[in-house]
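Below is one structure, written out as structure tokens; the observations come after it.
When the chains are written out, they are named A, B, C and D in that same order, and each has its own residue count from 1.
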Amino acid sequence: MINGSLAQGPFYVPLATTEGALLASYNRGAKACRESDAITIVTLQEGVQRTPTFKFKNVIELGKFVSWVLDHTETFSTLTRETSNYAILNDIGINIEGNILILRFEFTSGGASGQNMVTICSDRICQYILENCPIKPVFWTIEGNFSGDKKISPLNTRVRGKKVTAEIVLKKEVIKSVLKTTPALLHEQWRICVSGAKKAGVVGGGMHPSNGLAALFIACGQDVACTGEASVAVTRMEITEDNDIYFAITMSNLIVGTVGGGTSFPTQRECLELLDCYGAGKSGKFAEIAIAVCLAGELSILAAMSSGQFTAAHQTLGR
Amino acid sequence: MINGSLAQGPFYVPLATTEGALLASYNRGAKACRESDAITIVTLQEGVQRTPTFKFKNVIELGKFVSWVLDHTETFSTLTRETSNYAILNDIGINIEGNILILRFEFTSGGASGQNMVTICSDRICQYILENCPIKPVFWTIEGNFSGDKKISPLNTRVRGKKVTAEIVLKKEVIKSVLKTTPALLHEQWRICVSGAKKAGVVGGGMHPSNGLAALFIACGQDVACTGEASVAVTRMEITEDNDIYFAITMSNLIVGTVGGGTSFPTQRECLELLDCYGAGKSGKFAEIAIAVCLAGELSILAAMSSGQFTAAHQTLGR
Amino acid sequence: MINGSLAQGPFYVPLATTEGALLASYNRGAKACRESDAITIVTLQEGVQRTPTFKFKNVIELGKFVSWVLDHTETFSTLTRETSNYAILNDIGINIEGNILILRFEFTSGGASGQNMVTICSDRICQYILENCPIKPVFWTIEGNFSGDKKISPLNTRVRGKKVTAEIVLKKEVIKSVLKTTPALLHEQWRICVSGAKKAGVVGGGMHPSNGLAALFIACGQDVACTGEASVAVTRMEITEDNDIYFAITMSNLIVGTVGGGTSFPTQRECLELLDCYGAGKSGKFAEIAIAVCLAGELSILAAMSSGQFTAAHQTLGR
Amino acid sequence: MINGSLAQGPFYVPLATTEGALLASYNRGAKACRESDAITIVTLQEGVQRTPTFKFKNVIELGKFVSWVLDHTETFSTLTRETSNYAILNDIGINIEGNILILRFEFTSGGASGQNMVTICSDRICQYILENCPIKPVFWTIEGNFSGDKKISPLNTRVRGKKVTAEIVLKKEVIKSVLKTTPALLHEQWRICVSGAKKAGVVGGGMHPSNGLAALFIACGQDVACTGEASVAVTRMEITEDNDIYFAITMSNLIVGTVGGGTSFPTQRECLELLDCYGAGKSGKFAEIAIAVCLAGELSILAAMSSGQFTAAHQTLGR
């Protein structure tokens, strides 16, 4: 049961996995949410980046080039509109280090995940720059490995795809009846796990969002190679004054699409349609469903660990 | 063509993906290697971790508990042997912060990827500790989120699964004929991309190992949710005195299995058998094949970008 | 000899240290630069942040609060002008996670390093918000530990204080006569050191900018507790076509002041005056001198290590 | 009042700073501790590293070199003893990436901070290896920038200098009377600040340990350029069942010395003698005092912020 800005109501979510314990665990988490309250979800930000990089004879040349680029940003927007029906150029970031310039083009991409779309648009813009700007770089490349594509970095905590936050208040009765633990134990488990992640230097601090996302991505024709970056999650749990549990999860790299890529294969399309998430303009809704799945999975694994059921679950439930 | 410590000779590698450009790119990288020299691969380290965490009344109690634990490490090895035919306990790490103790149990796991196996063994050891140690923790959990499971952290650069390094010298003629670029352009592209990753704070600095790994993991019944952690890679390129290219890739989290999990499903098993990688004792060989795939993929994408073919490839080759 | 946007010409720089080897080393690096070319320096960005943080009953309340805040940004600029003669509010960043909102106020601070100035201005703005906004937070604090103050984080690579980049081309003859090494050895040493820093996960990748900065900060009345954050540096070295060395250093957290704080004590003021850097409007110039010092120090230590002189220097030159 | 493994009893700690608010704040924190309980401190680990780095023709050559090195570790211990009266070689780490080998030599250094001592010992060992090992590297350097010297990295959370943990239970009455706040507000402030640091990607998560350390390091002749690395701190706060506050701080890079370097200058020596920390064998005690100072400072600033006094303090107390 989701109360999102785009996704509203109850959803049956298809997951493709070979691990039985995982499905049971996500189900249990979803049940605990359902019996407590709706999950409130807000989409905060959206953007897919490409980061073409240019090298110059020296920093003086670079400076002149940047000035020219900043004078032509409207042209870049026009070129983007000419190149794609969906892409919109929203922001241009400037990163300078010695004689190297990284331009960060940030687009929205309609319902597509957008990696290819923004490559093609950025290439068009770069070709225009190279032809028209009087200052010529000594080397350039369409991607300087600064966009976060297929990688995890602290930069990812800004946005890549959709940045979404979700929260729920879990009732203490439900924590006992469904999650088989107590608010105090659940909170202690979360607190220790977030502290462990921090000590390990993990970017984000979830438990296992990649499990749910991998299963959802395979079922719904997403790019499975993005599972790593997409699963960066910040979680937070608190005991409320009523001794219930407040739980929030924020994911900044939900790079998903509901059109293009693997979404049009028959089974994958069927899965998306089951969620009413197939086609243009549906990727925001799909991202909100994805974070709800992860929220349920985080709660369930924390509950299992807090009450010592985690090992038992893995021994009982086969694949 | 691989000259590894475990994998030797030529291999045909099955990849499951919906992206045509990706297959073409990996093929091209593999061809460039094949025509240059064998890829030399060395497996450096092996280990799967579970990190049970204990909390005490205060740091004094914790100190007594640690002393007791360090006096019983041989018992823990015995318990491990009794619990699993494959798991071997190789190392126990101690991490203390105030009144919280994280024990890092590190195992080898035969041919299995081992996450469940080490959970069960660690649980057995913890149960023994809790029953027999006179000092009782106020809270404990089988996993304090410090093991790196399903997550990317700088700790991952130590080892999780297999740590493997691979190198090759690419001939300048092959760089021209197969990769359609020059040693100087290829090197410049790598240099800019590694610098971009560093600026973004990426852990590791590869281009897109997750593409190849996701495709290989799906085909061969691996845990796709581990794609993120597994794809952490350090790459290095240099121009040799002969104007050839030295290229090395090191991956520290190749958490793969050739027995258990999804490996026994018919198609997946077939794919593993094609590589002679099905069954106990084959996971090291499979890891060496996996890194060879990634090496080929890194070279190909860098070559494409260095010569401006990257965007064109994505426009021409559909899915 | 500096060719900066603000600092121009030759400078004698006062350093306070107890280590003889360090002074000799920085002198040597400066000499190598002087005999090669001027150091070109460009100031890229400027800003000091305070990050007040607000917590709400739920994310819906938070959303209404953010809307109100975004409608009153002009008032915040006015309040800033009323509170300080120097501070200018340039940017407001929004960071949301569940029911927690971090506002990032970014100011310029005239010639002061500005930490206290921005605290006072931010407090004034927050008081205004709390009094006037109909939505009330359940908790708020003037600083949510997100500003980077006295800490090192990847966020620091954006800007804190001044972001400055500097470059020089070192002549091969000077590398031989002054630095007692060769372009090839120097480049190999840099390449290995930047790779080592990357493997260790260091933010930035300099060798020892903190040595020069600590000595300069003590001499010139800067906040020595900021040495850590200020010394984050990205360095890059390349061999040019003429077999000379291109070297660039970029520092994004040069948080320095030429008015206020410890700058008005007699000795410290004298040191600043020696550089013509005392008083309002001089902090940009001082930052450019600081990065020139670090550039010289990096070159010298890399040269010493590349030719095996490093240990010898520490044995010969006492403190 | 300290209950440490090495430091016992009450101490008057000299701090050199130009900021009045800072002294007042640290005093208040110390008073709150004194009136609540002793600070319990445990030194967990000790070690100073040097990381010589070797490059080979290929990874096969490297493998043979490593074998030879591992067969001669006892000789390295002997060489260390011959070179220094204080240094003891405790551990040798192996890090391989392609054809590059980083050896991490870890020493204890008596009462000295030890950076120069371990450089000289490592150099002696490396010279021995280079003369005697039949496999010759194509390049080597005494330091591959992997030791953490003068830098902050996640590796620092292991140990550099001393790793020390400290804890205290603060009484609710004292929190009210001395710190002018409540357990609930103090805890909320800490919780938000640790979450902010995590979102920013800060290594460690203290508020301002560098303030206290910089002042202590200047007063006591320490290497001020190490303030950044030394101030990495993990803090943790909890409300106890009695509604008191449990607070712990763990610092893993307290690289300090009580002999050599700047410790023998008259004023600095006097400051160390005031703490009975001058001379060989006293650096452990000094590290325990240093962490107690930081603990007091963290508590005080968190208290001030939680009750809105932070800005006021900076406006009232001049420098």
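The rule is simple: a contact is a pair of C-beta atoms (placed from the backbone, for glycine too) under 8 Å apart; a residue touches a chain by one contact, two chains touch by 3 or more.
Here is each chain with its UniProt name: A, B, C, D = hydroxymethylglutaryl-CoA reductase (NADPH).
Predicted model, so just to flag it, every value in this text is computed and none were measured.
Among the other chains, C has the CA centre that is most remote from the centre of chain B. Homomeric contact chain B/chain C: same residue numbering on both sides for over half of the interface positions.
Taking the options A-B, B-D or B-C in turn, the interface that duplicates C-D in more than half of its contact pairs by residue number is A-B. Between the CA-based centres of chain A and chain C the separation comes to 32 Å, rounded to the whole angstrom. Centre-to-centre, using mean CA coordinates, chain A is 36 Å away from chain D. Shared contact sites, meaning residues of chain C that touch two or more other chains, fall at 97, 100, 153-155, 194-195, 199, 201, 203, 205, 234, 236. Of all residues in chain C, only 18-19, 51, 53, 55, 95, 97, 100, 102, 116, 119-120, 123, 139, 141-146, 148-155, 185, 188-189, 192-197, 199-211, 213-215, 218, 221, 223-229, 231, 261-262, 265, 305-306, 308, 310-311, 314-315, 319 touch chain D in the complex they form. Residue ranges of chain A in contact with chain C, taken from their complex: 40, 42, 44, 58-60, 63, 96-100, 153-155, 165-167, 201, 234, 236, 246, 248-250. If you check the complex, the residues on chain D that touch chain A are 154, 157, 194-195, 198-199, 201, 203, 205, 234, 236.
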